[in-house]
Amino acid sequence: MTGWLGPQEWQAVALSLKVSSLATLVSLPLGLLVAYALARWRFPGRQLLNGIVHLPLILPPVVTGYLLLLSMGTQGPVGSLLKEAGIIFAFRWTGAALAAGTMAFPLMVRAIRLSIEAVDPKLEQAALTLGAPRPLVFATVTLPLILPGIIAGAILAFAKAMGEFGATITFVSNIPGQTQTLPSAIYSFLQIPGQEGAALKLVCISVAIAMTALLASEVLAQRIAKRVAGR
Amino acid sequence: MTLSVRLRHGFGGFALDIAFEAPPGLTVLFGRSGSGKTTVINAVSGLLRPESGRIAVDDTVLLDRAARIDLPVHRRRLGYIFQDARLFPHMSVRQNLGYGRFFAPRAAPGLKPDRVIEMLGIGALLDRRPGALSGGEKSRVAIGRALLARPRILLADEPLAALDEARKAEILPYFERLRDEVQIPILYVSHSATEVARLATTIVALKAGRVERAGPARDLLADPAFTPTGIRDAGAILSARIVAHHPDGLTELDAGGQPLLLPRVAQPEGQVLRIRIAAQDVILSRARPEGLSALNILPGTVAAIRTGEGPGALVSLQTPAGLILARLTRRSLDAMQLAPGTPCHAVMKTVAIAPDAVGPAR
Amino acid sequence: GDLTVFAAASLKNAMDEIATKYHDETGNTLHVSLAGSSALARQIQQGAPADVFISANEGWMDKLEEGGEIDSETRIDLLANEIVLVSAKADAKPVDIAEGFDLKGLLGPDGHLAMALVDAVPAGIYGKASLESLGVWDQVKGQVAQADNVRAALALVSSGEAPYGIVYATDAAADKGVQVLGTFPEESHPPIIYPAATVASSKNPLDDEFLAWLQGDAATDAFTRQGFTVLGD
Amino acid sequence: MTLSVRLRHGFGGFALDIAFEAPPGLTVLFGRSGSGKTTVINAVSGLLRPESGRIAVDDTVLLDRAARIDLPVHRRRLGYIFQDARLFPHMSVRQNLGYGRFFAPRAAPGLKPDRVIEMLGIGALLDRRPGALSGGEKSRVAIGRALLARPRILLADEPLAALDEARKAEILPYFERLRDEVQIPILYVSHSATEVARLATTIVALKAGRVERAGPARDLLADPAFTPTGIRDAGAILSARIVAHHPDGLTELDAGGQPLLLPRVAQPEGQVLRIRIAAQDVILSRARPEGLSALNILPGTVAAIRTGEGPGALVSLQTPAGLILARLTRRSLDAMQLAPGTPCHAVMKTVAIAPDAVGPAR
Amino acid sequence: MTGWLGPQEWQAVALSLKVSSLATLVSLPLGLLVAYALARWRFPGRQLLNGIVHLPLILPPVVTGYLLLLSMGTQGPVGSLLKEAGIIFAFRWTGAALAAGTMAFPLMVRAIRLSIEAVDPKLEQAALTLGAPRPLVFATVTLPLILPGIIAGAILAFAKAMGEFGATITFVSNIPGQTQTLPSAIYSFLQIPGQEGAALKLVCISVAIAMTALLASEVLAQRIAKRVAGR
């Protein structure tokens, strides 16, 4: 196997997995919060928040990457503050995760939000009457009921993160072993005449990983749905 | 503990404007479909915020819109049995039952889970999910969930509607126990004469969003002018003390010095019972009748007569045991020449006093 | 008449000016499709309705020539470019780029050198070749941040994220935020050539004429203004 | 039209294995919570596909697993009143009501929308959505929706459970009309003795997934051994012809040559009625009693006596009007020395025959 | 206004609107069908279909564009067949719509599928018992109930289509007035230093359009939700 892929490609595979997993895991709680706020709370600026969340979807990825570079780079207003706190994204794999997470965020939020909106508020009311405070109602009633939505959102985000390229390379460039993800590697091969075969190998790996994750999520979601339906 | 409720609320075409007091015991909310019963219960639970009003249990104010007090739902310590079961679909029956318990203070008084599960007959369902339950099973689990939350107020919206008679008969005593032993205020919506007669300490009758009648159940039920479940279900409530359990399966009571026989009850000798005698089941006779299968005969005098539009009439008879209601036709009324003050006998069959019309006195 | 030109994206400014001039002079309209040379070349392979192709990359033009997708006899080396070392630091000093120059020292232990993809994008390939022939590649290769195009590499420099970068002279000239510290010796890398040719499947009678016009004064003027060197045949 | 049902199905712990015939008229499915009533109805509707079985209406086979016949649900032309209302939340009440009508053949017989809306008292709700209805209002709309679908089979799963007595009394006649005039097979789940007595032509009693008893309602209800809603609700059914409407609001009937008085009924003179006399409401007397408020006295002889474990007994009396059930205590039984063959009188109050126990004969 | 943007930019704006609208509208029925099949039917190859639908999310856009070029180009196996039928995608605005629609498809399907899964099958059963055949049950019960999900899916798709760049430029190139969408125009400006201002103008227009669509969809979805809740 190692012969089939060069060490640099293996690195890219490993890195992509790491980046996509981190992006998904870290953005999940935030995505949940934002989705809940958009679905259930009415506050001034709600539409603004909604718009901002969708921005990475609307903007060409390069623009998103450029904006990340300007704001979260070590010289940027946010990035320089974070640097003081010891958090550096620029040229790190964490930056790749930030870029992938940002791009995937709107997908995750939409999926979770739709499933929150589908939960019957009467069930939450029942939990309240039984003495559960709001946060626990969320944890014990809402959360388990939206689990299929959360899984769908997470897997969408993961898949998107696996494929994300434009924002990532613009923000953290392509440093083999640090920020060279699978899509960057694929892109590189596609720039060179006659390297389509090498690109194809990486595409296959990428597809295999994402499909495995997808299948796992489907199985999980089905099991949950069955349990809720009471069979 | 007394629950006092004053509410005003409007939904488009429907306006609710009510005030009542629910003294200790069980208050039955009575009224036709759409009269506002669920709305009242929702307001007490805090799930509905009325446009104006005040709700308090003794000195604890749950809601006072004028004073901007609105205790959050989860701090009201309720047991709410919803009209629709509203079980948590993702939890097993066991988890549903345990949900409220988890949030209740340990020290709060309440029924034991095993007993509740047994009386509801849901022991075999504990590991199922609500999706796999029958309609009646769901409503039983919903009752159990509310009872086990060790509530400080119990709200029950037609809790027994989906159940068969036998099951109802098994569950009713538990509401009695809650009423008599745990002593929490209970708001109970029901259309059933049996349930009203057996459980109600207080009755609040709603009509199109307003209180039509309200007061102690004993007074209201002995009033020939008040027949909430229809004249057919009218009936008075008496108190009587157990004198003896006879070997042939009958129990003898002393009702104001008069003997009354009824099918054996579980309570010990000496205990005072509340018994309901349906107006339907009472035959009147000027002379003391002989040779009938009916074993109970109470002498008395006619106290009041109500004739309605139909051919029937309700007569209330003052007996040593208390006021009794009897229903008969106007033709009989005339034939027997009954009028207030006329002495006459009430004849009741032993079996007419069903076990579900007998309960501990309040 | 109309003419469709597929041109490497880095020619954007020059092509804008050329389109206007061409229209003014001849009354013909130019449609310029700007994208990466690889994307354009592949599209031409798939029968894109292009009349003229200007590549930033000889490799892709060779590929098309092999496949007979361009008219070989019309192929010319249109432009030449240079690669330069740039920085956005106010205190940066000119660097003498020569055999073994101390690039590692300039970068320090963890500074990054922004380049285009060193194995895939021409500017990166040339840069890497140059650093190799100057003998400094091995010292700095771990610190190279590769962008997907020259423009993005330049953005890394002008945003201050990377202290130094290697880009085309034409790009450096257009960005006020960076200064050129030195030019890489011409002999240290393969010639940086932008070849042009007419597309074989094009039946447009204007294409040959346009290629000739590109080598004329008006076009030369526009290219030169953007920092390109116009090569005669 | 006869509906014949044979089913076998298992859910984890529960096994259903039943067979019954529902002859023309209304078949009440009876049984405790969880006994399988909804499961049977679901199988007839096609929403549940049983593991094996056959369901047919006369010669139309709806399901035959062995023959691989399974008529799709939407082609079965059902009116299914679900145990939960299942209204379409996105449609107004009007649209919900009209939904089934749209798919029914024009020519199919059925009730008029205006009449159904009026009897259900939902005229004011037509533009509301189900989310804004009370529990009883929802169930009334669900009844209307099913009735208006002009069904060929009506399935009703406790349709009146959420309603008050007055509303029930208003709706019951419409089920009677459907049974008698539209003549579609009706499967009706109910726990209510009144509904059973009033509506049932056939009774199928389920117990834990099996048929416990099944047969014509008249036979089953007159059988002292069968007390499906509890002994308290036992009662027999008689046929009687209207002789005269008296000016004092009473109607006189001829029951096998014996006069019977009851509160005025709407049907014209000459019509034969079906009346239910609750065992509870019958007093027995060896001698013909005099001077009582009860106006109906039927002579007869004891046919059978059933004594159970309690102190009570059920006596069936053969009278000229038919079999009558009476409930009394064993003590009275002994005191009156009753045994099969003993002549004796049944005494019934006029008012005990409530309007809801009177219906057109079948 | 015309002075503020050049004619070429206006063309790009108009084209992007056209492309995104077409992509959304045409993929909607197909998205609905696929979402329904994935949510409600069990058939062999279901997981495969699910995987294929997600592919454009997983692959770097360039790869998707390249695959489109290979298959749907006039020389490609599918493209040449379609060409016989008079349907040409290659280097036409319809091709841009195809690329944008392909990229947006997984987002649309996921959103719609989640909302189909949230519909209580008991309501559909009720409609069946009332005599409605399956397709009409879908049209009268399922469809109105999932309308918020459809709107969410469509708007996600539209936003994605407005921002789609990589696959589009790879498949149909960047020919002004024909295939140059807003993101391609932005890309062109970003290729040359000093053109950030011009790019920014286009970014603003793109954001404004997408936000307007987003807001409209929110208002619509809220109105529907209110009606269903019965208020």
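By written order: A, B, C, D and E. Residues from 1 in each chain.
Heads up, the rule we're going with is that contacts are C-beta pairs under 8 Å (C-beta built on N, C-alpha and C of every residue); 3 or more make two chains touch, one makes a residue touch a chain.
Protein names from UniProt, one per chain: A, E = Molybdenum transport system permease; B, D = Molybdenum ABC transporter ATP-binding protein.
If you're wondering where the values come from, they're calculated on a predicted model, not measured in any experiment.
Novice: Both subunit B and subunit E are touched by which chains?
Specialist: A, D
Novice: How many steps does it take, at the fewest, to get from subunit A to subunit D if each step moves to a chain that touches the one before?
Specialist: Counted as steps through touching chains, the separation is 2.
Novice: Measuring centre to centre, with centres taken as mean CA positions, what chain is farthest from subunit D?
Specialist: Farthest from subunit D by mean C-alpha position: C.
Novice: Take the average of all CA coordinates in subunit C, do the same for subunit D, and state the distance between these two points in whole angstrom.
Specialist: Each chain's C-alpha centroid was found; their separation is 91 Å.
Novice: Would you mind pulling out the distance in Å between where the CA atoms of subunit A average out and where those of subunit C do?
Specialist: 35
Novice: On a C-alpha centroid basis, what's the spacing between subunit A and subunit B, in Å?
Specialist: Averaging C-alpha atoms per chain gives centres 57 Å apart.
Novice: I'd like the Å distance between the centres of subunit B and subunit D, where a centre is the mean of that chain's Cα atoms.
Specialist: 26
Novice: Would you pick out the residues of subunit E that each touch at least 2 other chains?
Specialist: Residue numbers touching two or more other chains: 62, 66, 187, 190.
Novice: Would you give the residues of subunit C that are in contact with at least 2 other chains, written as numbers and ranges?
Specialist: Within subunit C, no residue touches at least two other chains.
Novice: Do you know which subunit D residues sit against two or more other chains?
Specialist: Where subunit D meets two or more other chains at a single residue, that happens at 84, 128, 132.
Novice: Each pair of chains that touch: what are they?
Specialist: A-B, A-C, A-E, B-D, C-E, D-E
Novice: Can you check the complex and tell me which residues of subunit A touch subunit E?
Specialist: By the definition above, subunit A touches subunit E via 47, 50-51, 54-55, 57-63, 66, 106-107, 110-111, 113-115, 117-118, 148-149, 152, 156, 159-160, 162-166, 183, 186-187, 190, 199, 203, 206-207, 210-211, 214-215, 218, 225.
Novice: Okay, in this complex, where on subunit C does subunit A touch?
Specialist: So the residues of subunit C in touch with subunit A come to 36, 38, 41, 59-60, 62-63, 112, 114, 117, 119-121, 144-148, 152-153, 155-156, 159-162.
Novice: Can you check the complex and tell me which residues of subunit A touch subunit B?
Specialist: 122-123, 125-134, 136-137, 140-141, 144-145, 227-231
Novice: Report the residues of subunit B in contact with subunit D in the complex, numbered from low to high.
Specialist: 11-13, 31-34, 37-39, 83-84, 121, 124, 128, 132, 134-137, 140, 157-158, 161-167, 169, 191, 193, 229-230, 232-233, 246, 248-250, 261, 263-264, 280-281, 283-287, 289, 291-295, 310-312, 326-334, 336, 347, 349-352, 354, 356
Novice: Give every residue of subunit E touching subunit C within the complex, in rising order.
Specialist: My answer: residues 62, 65-66, 69-70, 73-76, 90-91, 169-170, 173-180, 184, 187-195.
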